[in-house]
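Here subunit A shows up in two complexes: once beside subunit B, once beside subunit C.
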Partner chain A sequence: MDKDTSLDTRKQETTLAEGERTRASRAYLPRTDIYETSEEILLTADIPGADESRVDITLEKNILTINARVDAGWFENRRLTYQEYGLGDFQRSFALSGEIDREKIEAVVRNGVLTLHLPKTPAAKSRKVAVKAG
Partner chain B sequence: MAERNIVSRKPSAIENRGTDDDPFITMQRRMNRLFDDFMALLPGLLPYEDMGASFTPRVDVEEDEKEVRVTAELPGMDAKDINISIHRDVLTLGGEKSSEHTEKKGQYQRIERSYGSFERQIPLSVEVDGEKAAAEYRNGVLTITLPKPAGEAAKTRRIEVKGA
Partner chain C sequence: MYARFPLSSNWDELDRLQREMNRLFDDVYPARHSAGGYPAVNLWVGEDVQIVTAELPGIGLDDLEINVLGASLTISGERSADDLPEDAEIHRRERLFGKFSRTIELPYPVEAGKVEASLEKGLLTIHLPRAEADKPKKIKVKTN
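For the complex of A and B:
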């Protein structure tokens, strides 16, 4: 049995190592799948509670940062009977290799899931060298 | 002395009591805490906790005088794949979330999100009016609004405490 983090459904909070926050809310690490084909890298992140207008994606040098703001305002002043998950923003950074075609990155948010298409550059695609059997 | 159980079910009941000066109660308390700490670790250690349902949505429950509201984070689902039923004071939440990539064109480099079917029952503090329940799925968050039956507020009666 793998000791895989996916077994633990608790939300993981970001740590100070990721930088202190300017907003007073909590921030969680979105659970992310990364799927790679010969054409692209597909990044899928769970950001429940955020829609497309609240998601910021920045690419600075080779660091891709996802920031999704979750508005806790619709949780009016009610009595919380019990709580299994906390409310807060989602924030996470990934280091990209140079083989991503930055101009063609596409992002879609649907049903609380962010899908990022990171196409590989033609150079990266063609760099594969055929190995012949001796 | 009442505090005889070694594995305390409700630690706070004992923790909050006074009598700090009694060494036996202090020892008892430390033992209880030790057991509680160990028990708290168990769910993370046991492999079968999530094996049946690889995907267990977490819920928040809040209420006011008029209604109970249950919210669950269910990113990446379709509204039609979510099943909700209410029986008396138990809300059952179920569904199936399937993986997006079934074709074998590429490979996963990292898997953190979970898929699969799930079902869980959520006990409510009161019997709710199932007929008037409403559910909305937006941005991956499911919100179920359960009105408390009319008269539930009237049933609550403040009881005066008389002095001697």
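For the complex of A and C:
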């Protein structure tokens, strides 16, 4: 990538600090962009290998959790000759400090990219909303 | 670069151990493995076909070019950045955008006319059959 060659392009594995997983497979942190406009918080995450049927998004209190299950498919139980990236699910949580209109959340998955529209409640639109890593 | 030992279970065990060691060191020296380039690839080598996979989220087939020459595979393309509303405030920007190109040397030459590539759910899979000329010849032994 020409943007910043010093940027580490490797996948980052999730840590146990986020709670141990029930599935035995590995999990990775999806690379995520988060933007905020006056109307909504827009989150996009790279989850290659998962489609809309394999993504769970939960918002409990103010914790947003993304869980994308990736099917190893043909490579299941096959030993790779040479491996640069790990195979596993994508999982990540964020703490939202603003009020989100839960009924109007929209999620789309296309080409392995999750786009999540989190509209603000009318009351929150007038206030500043900050997003922190969970 | 490639593990080309016989695939016995002893080697599997050693390989697993090596991966575990790499993971331990990765935590201490994170920059150690990043020289590979983008995209990161996985390779599976069979007798007559080698399969390369790469994670390329957000890219269409039109944005991607795959070239094969002998045993060299080149994957290049461009991922364009998202269009954002004017008043958008950035909280977090981790995804990678821009041009990329990477050449990988494969274990054996490829029958270029029979290469098949698919891009699904942001995963690129390339089937690279072994060149006919490179296949081992079986020699029949005649008895008198």
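Here is the rule we go by: the second predicted complex is superposed on the first by the 114 of 134 C-alpha atoms of A that agree within 3 Å, B and C clash if a C-alpha of one lies under 4 Å from a C-alpha of the other, contacts with A are read in each partner's own complex, and residues count from 1 in each chain.
Please note the rule applied: a residue touches a chain if its C-beta (ideal position, glycine included) is under 8 Å from a C-beta of that chain, and two chains touch if they have at least 3 such contacts.
In this text, all values refer to a predicted model and were calculated from it rather than measured experimentally.
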On subunit A, do subunit B and subunit C fit together or clash when superposed?
clash
Output check: A:34 vs subunit B and subunit C. Expected answer is one of first, second, both, neither. What do you get?
both
After superposition on the shared chain, which partner residues are touched by A:103: those of subunit B (first), subunit C (second), both, or neither?
neither
With the two structures laid over each other on chain A, which partner does A:84 touch: subunit B (first), subunit C (second), both, or neither?
both
Mind working out whether A:60 is in touch with subunit B, subunit C, both or neither, as first, second, both or neither?
neither
Common interface positions of subunit A, toward subunit B and toward subunit C:
1, 7-11, 31-38, 41-42, 44, 46-51, 75, 78-85, 87, 111-113
Counting only contacts in the complex, subunit A reaches subunit C at residues 1-3, 7-11, 31-38, 41-42, 44, 46-51, 75, 78-85, 87, 111-113, 130-131, 133
Per the touch rule, the subunit B residues reaching subunit A in their complex are 44, 47, 49-50, 54-64, 68-69, 73-78, 100-101, 105-114, 125, 137, 139-141
Applying the document's contact rule, which stretches of subunit A touch subunit B when the two form their complex?
1, 4-11, 31-38, 41-42, 44, 46-51, 75, 78-85, 87, 110-113
Touching subunit A in the complex: which residues of subunit C?
1-4, 7, 12, 15, 19, 30-31, 33-34, 36-45, 50, 53-60, 82, 84-85, 87-100, 107, 119, 121-123
